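The chains carry the letters A, B and C, assigned in the order they are written, with residues numbered from 1 in each.
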Amino acid sequence: MTDDDMTSIAAGGEGAETGPGVDELTFLEAKRMAEALVFASATPVSEKVLAERLPQGVDVRAVMEELKRDYSSRGVNLNRVEDSWAFRTAPDLAFLLNRDAVQQKKLSRAALEVLAIIAYHQPVTRAEIEEIRGVETSKGTLDLLLETGWVRMRGRRRTPGRPVTYGTTPEFLDHFGLEELGDLPGLEELKGAGLLSPRMPTNFSVPTPLSDPGVLADDEDPLTDIDLEELGLFAPKAEDE
Amino acid sequence: MAELARGAGNNAAAPLEKLWGEPEVADRGVSEPTLTVDVDGFEGPLDLLLHLARAQKVDLSRISVLALAEQYIDYINRVRKARLELAADYLVMAAWLAYLKSRLLLPKPQNDDQPSGEEMAALLQFRLKRLEAMRDAVARLVNRNRLGRDVFPRGMPEAVIVSKKSAFQATLYDLLTAYAAQRQRRAITNVQIAKRHVWSLKQAREILTRLVGTTYDWTPLDRFLIAFLTTPEERATARASSFAASLELVREGALEIRQMEAFGEIYLRSGPKAAKFNPGLAND
Amino acid sequence: MTDDDMTSIAAGGEGAETGPGVDELTFLEAKRMAEALVFASATPVSEKVLAERLPQGVDVRAVMEELKRDYSSRGVNLNRVEDSWAFRTAPDLAFLLNRDAVQQKKLSRAALEVLAIIAYHQPVTRAEIEEIRGVETSKGTLDLLLETGWVRMRGRRRTPGRPVTYGTTPEFLDHFGLEELGDLPGLEELKGAGLLSPRMPTNFSVPTPLSDPGVLADDEDPLTDIDLEELGLFAPKAEDE
């Protein structure tokens, strides 16, 4: 691993991706400058801001990609969040650092669910969120998510009533370690299964109409006389209460 | 070593499933039933259905919707018998499931333009699957390497690198909270909360829209709603006021209504303007 | 410089200073750990603390000296002060940060309130702002908002006293990520998001913002040069100086 490490840095030094007309020295200096700028900031720094500060004509994305490679096996990594960059500690060192972590306010299960729906279904209106969950969003949930800075009002849907739509922010991506929304876990599968559409897709696995719905299909298990108690929905009353 | 570390980092995953609420929630205000019921532990009827469906231990697309409907209705009836107050959402779902059950069990009459039991069952499965998918998404999100828990930013930042043009810092959320709080402070907000005694069928229908969408066709749903929403002695008034409310909705174009014969079943379906309940889904 | 750079880093990689009995891999891992610890710490990290966290038997000073060499030619350096370690921007790149040391100013609660009222109620005069807020608005607040570039004087109301009307600028929309003023949430949406109580008095309303903030209202006159001079926005011709 030692040698790989160093080789990759050394290889980076060759400046293979230097933009046309920009010499190797400028590219290397641009790397140092970008490194300093991003390192100095606790929040992601956009490529636009970097472009304003780096030497003219340097391909910012190429500089950052190379820096990212330099840091890939170190204790600190360079991460991209959409078109911004930030240094973060390597995830495998979490054990070393999280004992100092400030206990963050925990979001309720409902709030997390609303957050996930906003992330996967965005832009999404409040009515749509409620339709997916089948329950009214309790007061304060959206408010709390807006306050975390992970959720924002995006605009309005061009339908009657022009309802406000919600979406996620770059802080959301940064917090969950996502480069972009397309990296949401399982996004493509869910899309493919039609589970991100507001309505039931016409090709959704409609069960073949049973001739006699009272008769179990081959792949159905008979319902044993499941006790609701067993399901944990009713608990026997404790004796000593 | 790195591998070992990764394992340790992921242990922080929060358990998402909890059937039982916090102790102080579970034992509130139950007079003397023999059972403690935890409806508070559920996030609405779909959540409850999802729990019941899981107990069937098969893939969601293979569950017996009929059995599921029966279990749900059974559960609701037992809660009601225990004289516990249930949120209207649960009751409306029970009414819809009772209707679904009747559609599944009774042969489909000729010239019937009501949704078939199978269509309704498929819709329910779709909604359960969609919600379950989001549950899984939550689990996957919270187990990612999260900033401030598993990965950390520079502890001693040296500068705030910002684009030149905004030396001032404020978010839309800051702006809106400032505005709302200020306007609210100035408005007199000493309004009493009106205690709701009976859920009107109009309200029930709005809940239904949230629960099953606007796609339902001619349905004699009110018969089912009445059964779940009101006590026997309140039924006559509920029916009368709901009929009046229905006519109002018909006038607004939000509802269509029909009756095949005198004293026959009253059928309802969404009207052309019903989309306003659920504008986002109308024509996206 | 380029080649020296890489050589020195590469040389560091050989792990020549590994403590006795500690293998190379452990040493490298200790380097990654130390790097992450110092990076994430809000204060310089002492060697004593490092020793507690790094694998047993590692020579902390050797680890740190090697890390220091790794970083010596980069945009960020690892510095020792007595027996504590911290990352700092390379001195020759300090100019990059000095240029950026724009202290981001937070708007006060009062300023946010006035800004929001201007956004929703524009065109609005100072007296009207005061009526909505119920308290006097200091001139400083309005001046500050003009300074942000988010608020502008639109014109004068055609009423006695010809008060100046205020409105928002395109930069306002840009900064707050709004496509148009109409994207500001209305009464129902503020309630839905949990920002307003669901039980506001029936006569309570939130105005619909202007559809085209660039066009003067019927009762607005444009600002003339004389107005601007009076308002202190144009410096009067200095004749007596």
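Methods note: a residue touches a chain if its C-beta (ideal position, glycine included) is under 8 Å from a C-beta of that chain, and two chains touch if they have at least 3 such contacts.
Labels paired with UniProt names: A, C = SMC-Scp complex subunit ScpB.
Keep in mind the model is a prediction, meaning the values are calculated, not measured.
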**Item:** Central chain of the complex, centres being mean CA coordinates
**Value:** A
**Message:** With centres defined by CA atoms only, which chain is the most remote from chain B?
**Reply:** C
**Asked** How many Å are there between the centre of chain A (SMC-Scp complex subunit ScpB) and the centre of chain C (SMC-Scp complex subunit ScpB), using C-alpha atoms for each centre?
**Response** 23
**Prompt:** Between chain B and chain C (SMC-Scp complex subunit ScpB), what's the gap in Å when you average each chain's C-alpha atoms?
**Reply:** 39
**In chain B, residues with contacts to at least two other chains** = 2, 152-155, 158-162, 164, 171-172
**Request:** Any chance you could list the residues of chain A (SMC-Scp complex subunit ScpB) touching two or more other chains?
**Result:** 37, 39-40, 87, 89-90, 93, 96-97, 146, 152-153, 162-163
**chain B - residues contacting chain A (SMC-Scp complex subunit ScpB), complex** = 2-3, 5-6, 8-9, 12, 14, 16, 18-20, 27, 33-38, 43-47, 51-52, 55-58, 61-62, 64-67, 71, 74-75, 78, 89, 93, 104-105, 116-119, 121-123, 125-127, 129-131, 133-138, 140-142, 144-155, 157-164, 171-173, 210-211, 213, 215, 275-284
**Asked** Taking the complex as given, what residues does chain A (SMC-Scp complex subunit ScpB) use to touch chain C (SMC-Scp complex subunit ScpB)?
**Response** 1-3, 5-6, 9-10, 13, 24-25, 28, 31-37, 39-40, 53, 73-76, 87, 89-90, 93, 96-97, 100, 126, 137, 139-144, 146, 152-156, 162-164
**Residue numbers on chain C (SMC-Scp complex subunit ScpB) that touch chain B, as the complex places them** = 29, 36, 39-43, 86-89, 97, 100-107, 109, 112-113, 115-117, 119-120, 132-134, 148-150, 171, 175-178, 184-185, 190, 193, 195-197, 199-201, 204, 206
**Complete:** Within their complex, chain A (SMC-Scp complex subunit ScpB) touches chain B through residues 37-43, 45-46, 48-49, 52, 86-98, 101-102, 104, 106, 109-110, 112-113, 115-117, 119-120, 124-125, 127-128, 130-136, 146-147, 149, 152-153, 157, 159-163, 165, 174-178, 184-186, 190, 193, 195, 198-200, 204-207, 209-210, 213-214, 216-217, 219-221, 223, 226, 228, 230-238, 241
**Message:** Considering only the defined contacts, which chain B positions touch chain C (SMC-Scp complex subunit ScpB) in the complex?
**Reply:** 1-2, 152-156, 158-162, 164-172, 174-184, 186-189, 191, 193
